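Given below, in the form of structure tokens, are the structures.
You will see two complexes here that share subunit A, one where it goes with subunit B and one where it goes with subunit C.
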Partner chain A sequence: MKKSIILIIILVLGLAVTLASPVIAAAPTLGGIAPNNGTPGPTATVDITGVILTGTNFITGATILVDGSGVSATVNSIDSPTQITATFHLTAGAPAGTRNVTVHTTDGTSGAQTFTINSYFNLSAPAAINLGVMTVGGSATGNSTGSVSTNISTWSVTAKDVKATDPGFMTKTSPYAKLATPLQIKNSTSGIFANANDGITYSSNPTNLPFYVSQQVATGDAPGAYSITITFTGVP
Partner chain B sequence: MKKILSLVLILAVVLAMILPMAVSADNTGTAGVTGDVPPTPTLDHLSQTSETPNTVLNGASKTVSETLTSTGTDFEQGAAYSVNIGSANGVTVDNVVWHTTATITADLHIPAGCAAGDRTISITESGRTSGTKTFTVNNYISISAPSAISLGVMTIGVAKTGQSGTGGTVDANQTGATVTAKDANQGANTGHMLSSGNPLTNAFQIGPSGGTLTTADTGFSYAASATSLPFYVSQTALTDDAAGTYSITITFTGVY
Partner chain C sequence: MKWKFTTGMILVVCLTLIMASPLLAGGITVSNAKINTAVSPDKTYTYTMNVENSSDAPADIGVEVKGYGMAVNQDFTALEPADDTSPESARELLSVNPSSFSLAAGASQGITVTAKIPAGTSNGGRYAAIFIHTVPQGGQQINTISAIAARVLLTISGNSQDTSSQITAVDAAKTTPPQPAGVMITLADKGNFHYEPHIQATLKNGTKIIATGIFTNPGWPILPGYSRQYQINLTGQEAIPAGKYQVDVTVKDDSGKAITSGTFPVTYGVKQAVLTTATSTGAAPASTAAAVTEPSKGTNLAIIVAAVAGVIIVVLLVFVVLLLRKRRI
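Right after this comes the complex of A and B.
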């Protein structure tokens, strides 16, 4: 009986101590982001909706912080203390790479998880060139322009004829024939023409792809409709 | 078993690191270059194969322009065309127009004085030239006759002379053309001045100068390629000639 009374007293004291102690709220933790990457657009902001952040201690008023450029995030809803639904905003042309993401509440800031800005590389080849009826004994010339949009920092572009048979030459079918001289290509008005089978390389990080061609027609070239396809390859 | 699980875990981690770095890449493209090599055109026909360069009206000449239609084959639309004139000698061409793969027109200009003779016409299509067809600039000669002469009242027994106040002229497009002058009346009493069909006794005398006269019935010729036509006459009336007003018409004829 005495022991019971003592135990009750201890329990009451313990409860009193507990009730008297201040509640210390915990800072949020961030365990994952899904999806944890996105690809920006070349000209307009891309919004990635429904991004789920998982962790602990998410409370009302929590915000998402993203370091680095080109990305921001807004909280759509705090679904529970362990989940936030958010939208990530990727600005046009946001540089590729990783960004540190943290969750901030009045109780503190979480550790970081990474969100990756994917690389993109879009090459738009120059428009087709029609040299029309070419003058025998002369040179027919034409030009067009392509473009590159990318968020990587370094790249180059090459252009050449890559076909296996008679590379560099305009050819025709029915019957098959090629012109006597190869197509000449260059990438600027002041540049030097190169045979299309040798190809040309644009200067580093080109965003415009000016494209000039010149085709000489010899007296002995057979009449007919000739063509050639020049392949432009971007090398990130 | 534990090792396998470890490898799977490592692989999963590696994949998790790689996948987020996926690159959206559209890093190739092509540009087509096309062009036509023209065939050698053929020239089959010219709509007009000759023309006389000048029309002379009262001594005024003008340039003749003709639209020449050339028919053939393989005239490709979009090709650069020219109409070529061999030994042009004054003939020029312009306004070359493609109509169909078989028809091209061009304007030929044949100026006054353009030399007579054949020209070869061909068509060049973007560097390739057809065979030729012949276009002929015709000979022409046009004469402006000397002005009329009035001898007035002729004295019996005395030669009455006169000359045209304005000599005649010749316009020709070839050398060697000649002009003859003789009585237009080649019937009865040819070479004589007439009055109501009655002739003077003596023949009418004509010539290119005062000192070289001949009877009008046989007439005379000016020097070849002469471009001016001076004209002299002489008539002697005799005692037996009836009184009256006499006349004669001399015809000047160009020959080439």
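Right after this comes the complex of A and C.
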């Protein structure tokens, strides 16, 4: 009788351990993502193919979950219980920053690893402007437009002549001379002209950078071919 | 007559040249164009940026390390070496490779920025800018350059960060009704570290509060050794009559630590409008989403199974105890 009771106890304990053990081991773990970052495009979705996720307990039907906006991922293949090959989809202009990535199976959800959306800043300065032949006593004007695209929220663009000698003035060589009055620049039709060495700022986050110039020619200005270079500096 | 005509006109560019030359707008895209990180003395760090020629023509690109400065009304200025005299400059700690290259249309090039932090580097932050720019092809009257200044903000680890500051001027903002009344506050960072200020202003007439204003999250930091002017729009119940007032100003840094405060006189020459609802003049604070990880299904099942097994064991033990007692009886 005593032996029977002990045998029953051993059998029940063994059954309990057998039931519990395989379920605990089935939840996936995620150890790494390579590559773990990507840069979105300004207008179209960017697909990053061949992303390798390493971990454990990856099984058929596993999915990849990415929190936050601008990124999703699809499983291309479950290569083994420890490796998944995936494609990460970055929507146009996806905000920069890190996202948490987890692997989900019917047995559970892994802990998170991070995937970083890189910031990008695109600046296309307004095209060069030719004023044509400028007449003494008159003024010449011109305009063009540049653009900015980025996935970050805070930035500025300034435009000015940064040369060391006679900044803000159109100059010529052989022999060196400058016009008597500085080039005037502004960033909208209704804006106020500023001297090119003081510069202008585009501060209201436009996507276009309108650029207007005006040059006065004084009586004493020497004949010749004058030019100036305006630097458009974007600061992300 | 010919000479008179020539002197009467300034032939800026040969018209033939004008017609022959395309008016190109150089465009560049830089990824990861900001370095904001902690570093330790006696260590070397590398960072990578990527430059793409986003125009439809080949471009020559230059990369330079410049000083990072600011002005009272400007959040960023690129400084030439002669003007970069701040003790917190990182310009001489940085190098770039390559410093010049050519890119076909649509092509890209990685840039490695190396920061070598000498042993014994003292407290605070270090600041510089990586200046990436197209090289002008010239030949036009008004030439343009596309440049991107990647700011570098290095925090020297293991040392104290001092954001001591001083309010150096408080004036009535020059606004015209119906623009709201405001105060212009000039703030000087006297410490060794950058921060984005949180400024609170309370306009009073004696002890009576007339209007208040808050400025937060400007999006750009104030650097040590520099001053920056901020306009705080005022919110109140009714228009502010012309007259003399006092304004209490409190400034906090990013961590919420109060770093300077004071009471200053301001005078409005004409009656001023006010905002009637709370308005922040700064950028909206970035929302931060905490990652929530749900317990896994596998873990839940394991808990259930373990609980069932535990109950079975307890029942079994009770059964054994009862059986043994019965046998003794």
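Here, the second predicted complex is superposed on the first by the 211 of 236 C-alpha atoms of A that agree within 3 Å, B and C clash if a C-alpha of one lies under 4 Å from a C-alpha of the other, contacts with A are read in each partner's own complex, and residues count from 1 in each chain.
Everything below uses one rule, namely that contacts are C-beta pairs under 8 Å (C-beta built on N, C-alpha and C of every residue); 3 or more make two chains touch, one makes a residue touch a chain.
Quick caveat: nothing in here was measured; it's all calculated off a predicted structure.
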Looking at the superposed three-chain arrangement on subunit A, would you call subunit B and subunit C a clash or a fit?
clash
Once chain A of both complexes is superposed, is A:Asn122 in touch with subunit B (first), subunit C (second), both, or neither?
both
Check whether A:Thr102 is in contact with subunit B, with subunit C, with both or with neither, and answer first, second, both or neither.
second
Touching A:Ala27, do we find subunit B (first), subunit C (second), both, or neither?
second
Going by the contact rule set out at the top, does A:Asn36 touch subunit B (first), subunit C (second), both, or neither?
first
With both complexes overlaid on chain A, does A:Ser144 touch subunit B (first), subunit C (second), both or neither?
both
In the superposed arrangement, does A:Asp221 touch subunit B (first), subunit C (second), both or neither?
both
Tell me the contact category for A:Thr154 with respect to subunit B and subunit C: first, second, both or neither.
second
What is the contact status of A:Phe193 with respect to subunit B (first) and subunit C (second): first, second, both, or neither?
neither
Between subunit B and subunit C, more residues of subunit A are touched by C
First (subunit B), second (subunit C), both or neither touched by A:Val213
both
Where subunit C runs into subunit B (options 99-107, 135-143, 153-161 or 189-197):
135-143
Need the overlap of the two footprints on subunit A, from subunit B and from subunit C, as residue ranges.
39, 118-136, 142, 144, 146, 170, 183, 211, 213, 217, 221-236
Residues of subunit A touching subunit B in their complex?
36-37, 39, 114, 116, 118-138, 140, 142, 144, 146, 159, 170, 179, 183, 211, 213, 215, 217, 219, 221-236
Subunit A contact footprint on subunit B (complex, rising order):
19-40, 74, 76-80, 125-128
Of subunit C, residues touching subunit A in the complex
6-15, 18, 23-34, 50, 54-55, 74-76, 78, 80, 129, 131, 133-134, 136, 138, 140-151, 219-220, 283, 286, 289, 291, 293-294, 296-299, 301-302, 305-306, 308-310, 312-313, 316, 320, 323, 327
Would you mind writing out the residues of subunit A in touch with subunit C in their complex?
1, 5, 8-9, 12-13, 15-17, 19-20, 23-24, 26-27, 39, 67-68, 100, 102, 106-112, 118-136, 142, 144, 146-147, 153-154, 156, 158, 162, 164, 170, 183, 201, 211, 213, 217, 221-236
